[in-house]
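Multiple structures are listed underneath, in structure tokens.
There are two complexes below, and they share chain A, which is joined by chain B in the first and by chain C in the second.
After this line comes the complex of A and B, so read on.
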């Protein structure tokens, strides 16, 4: 399996570094607007991703990592909102399970916030920063050399 | 590449699971911590009894126009109802005292030391002795869970209450009276008292449905507030309490034992006094 060489900080133009950083920072503004509908930040990330993916592999990687890493927290937050609404419109009894889930959701959001901030700073300096799982997935998608990019297309027999 | 992705999934999954279990554990642990026990905020039984006596005397002295009702028929009926309830409590630190006061208010309240005041308005409002028993069982629930004492200690501090009992600042006593007669508990306390009442009624052979009927009647009299405001209110909405009482799971062997009392006659007799 072949991968494109990683761009080094000194090779990356300032404009691309800023765009890569923006992928993480844009989400904070979107989260603020998106509350209590946590799907808005995801939509913003998707839009940002499609606007920036063609700029360079460096920007493509950071936009994709930001987008993918938002999915779990968005799902967690959505579940919390739906659960809260369910409580409000039904028995209005806040269970231990709900409080425990709210604590976990809060911690997950804090983690996400901290790691996104670190990633934004690293991106601004032109560095690669890999989140657990999402970093590897994004790297695989962005930097993997696809067969049709190798050069001439080669026909192969069926067996 | 694939291997390391699976490893990452495993790590993230483990972190998520640990967080979830940790969060649940934290909630359970926090609920177990009774701050009053941790910081020894309990008022001794002796002090509680003394405080109860002082408040009772003060209520009866000031009275706000309410006088003790002495009615033989009602007294004997009340004795039958309360004896059944008291006899069904497994173990209680209180020797309950029920005092009927002349007032049109549909209310009952309890003060420290197991003293429960009942307004004639409440008796007149109930359709059956079972409904009155439901309200009394609820008040006994507040007493058994020491809600009044806990509320007093929380709002006034233990030292202030002890100071009053040992002849200190009498002005604090006014605050104590206001707090006790305000009779407003938080939602959790009300739920605890309702739960206690249903359990006690079941043991006493009284169908907890009487509680639901009572609240339903209160609703009809429009004494409840808008259900949409429930989250803002200290008391659970009557509808929630009706649902709770209706949904209370009785044991299979439960057999209701109705009070052999002519409630209408007792009420009429009360009105003629």
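After this line comes the complex of A and C, so read on.
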């Protein structure tokens, strides 16, 4: 399996570093437009990904990693919002299970926030930063040399 | 900083009437619909830019270009509604109009102190004084717009002095907007020119 070489910080233009950094800051999109819905951040990350993926592999990688890492957080937050609304509009009794879930969701968000900020700072310096699972996945998608990109191989060796 | 709308040699009376009676439907609604979403995106980028300037002292270049494109788009639509240009204003942040020239030189570095000043006290030292001036200018602009409408209808030309006044009004708005969007550190002057 072949991979494209990773760009080094000094080779990456300032503009691309800023664009890569911006991908992680899409987690603030909901705050920016004043609509505290978890899905806003995901929509912003999707829009950002499609606007930036053609710029360079470095920007493509960070945009994709940011987008993929946002999916579980969005699902966790949505579940919390729906559960909260359900409690508010029905019996209004907060169960222990709900409290436990809210704590887990809170911790997940704090972790996501911290790691995204670290990734944003690294991207600003032109460095790669790999999240657990999503890092490898994004690297594979962005940097793997696809067969059709190598052109048609007409002549082959004898063995 | 450049904000120019070239005065046309002659204005079309047919387009003037079309814009007056149906402009809301064929220019206003489609542009407002798309600009709403484009502005939402712009506000997200501005929010991120705020933090980026605070930490790095730089406005991300691609965000700057997007927001400038948004201002150019808005200038085209305004110029069209003010009957200053003929033709349908182009959609999008990367489009342009030969008679509408809007530009802000990209600042390599922005002051963090000014950024915080704008954020916390901008309403008092920018929006309030400029807002008062712009409010009276807006009233005057409506009158000027009315007079220029009749002038264009009868003569087919936009009077130069009225054109200058409306251009000055739009330019003033633009400069305040650019300053408050953190795109420049230069305080907007109280001037039409």
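Methods note: the second predicted complex is superposed on the first by the 144 of 159 C-alpha atoms of A that agree within 3 Å, B and C clash if a C-alpha of one lies under 4 Å from a C-alpha of the other, contacts with A are read in each partner's own complex, and residues count from 1 in each chain.
Methods note: a contact is a pair of C-beta atoms (placed from the backbone, for glycine too) under 8 Å apart; a residue touches a chain by one contact, two chains touch by 3 or more.
What you see is a predicted model, and the numbers here were worked out from it, not measured in a lab.
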item	value
First (chain B), second (chain C), both or neither touched by A:136	first
Chain B versus chain C as contact partner of A:1, first or second or both or neither	first
Touching partner for A:39 - first (chain B), second (chain C), both, neither	neither
First (chain B), second (chain C), both or neither touched by A:107	first
Contacts of A:97 with chain B and chain C, given as first, second, both or neither	first
Touched partner set for A:25, first chain B, second chain C, both or neither	second
First (chain B), second (chain C), both or neither touched by A:145	neither
Partner chain in contact with A:82 - chain B first, chain C second, else both or neither	neither
Chain B residues within the chain A interface of the complex	1, 4-5, 8-9, 11-12, 16, 19-20, 22-24, 26-28, 31, 230-231, 240, 243
Sites on chain A touched by chain C in the complex	14-15, 18-19, 21-22, 25-26, 28-29, 31-33, 44, 47, 124
Touching residues on chain A, where the partner in the complex is chain B	1, 88, 91-92, 96-97, 99-101, 103-104, 107-108, 132-133, 136-137, 140
Contacting residues of chain C [partner chain A, same complex]	40-41, 43-48, 51-52, 56, 58, 60-63
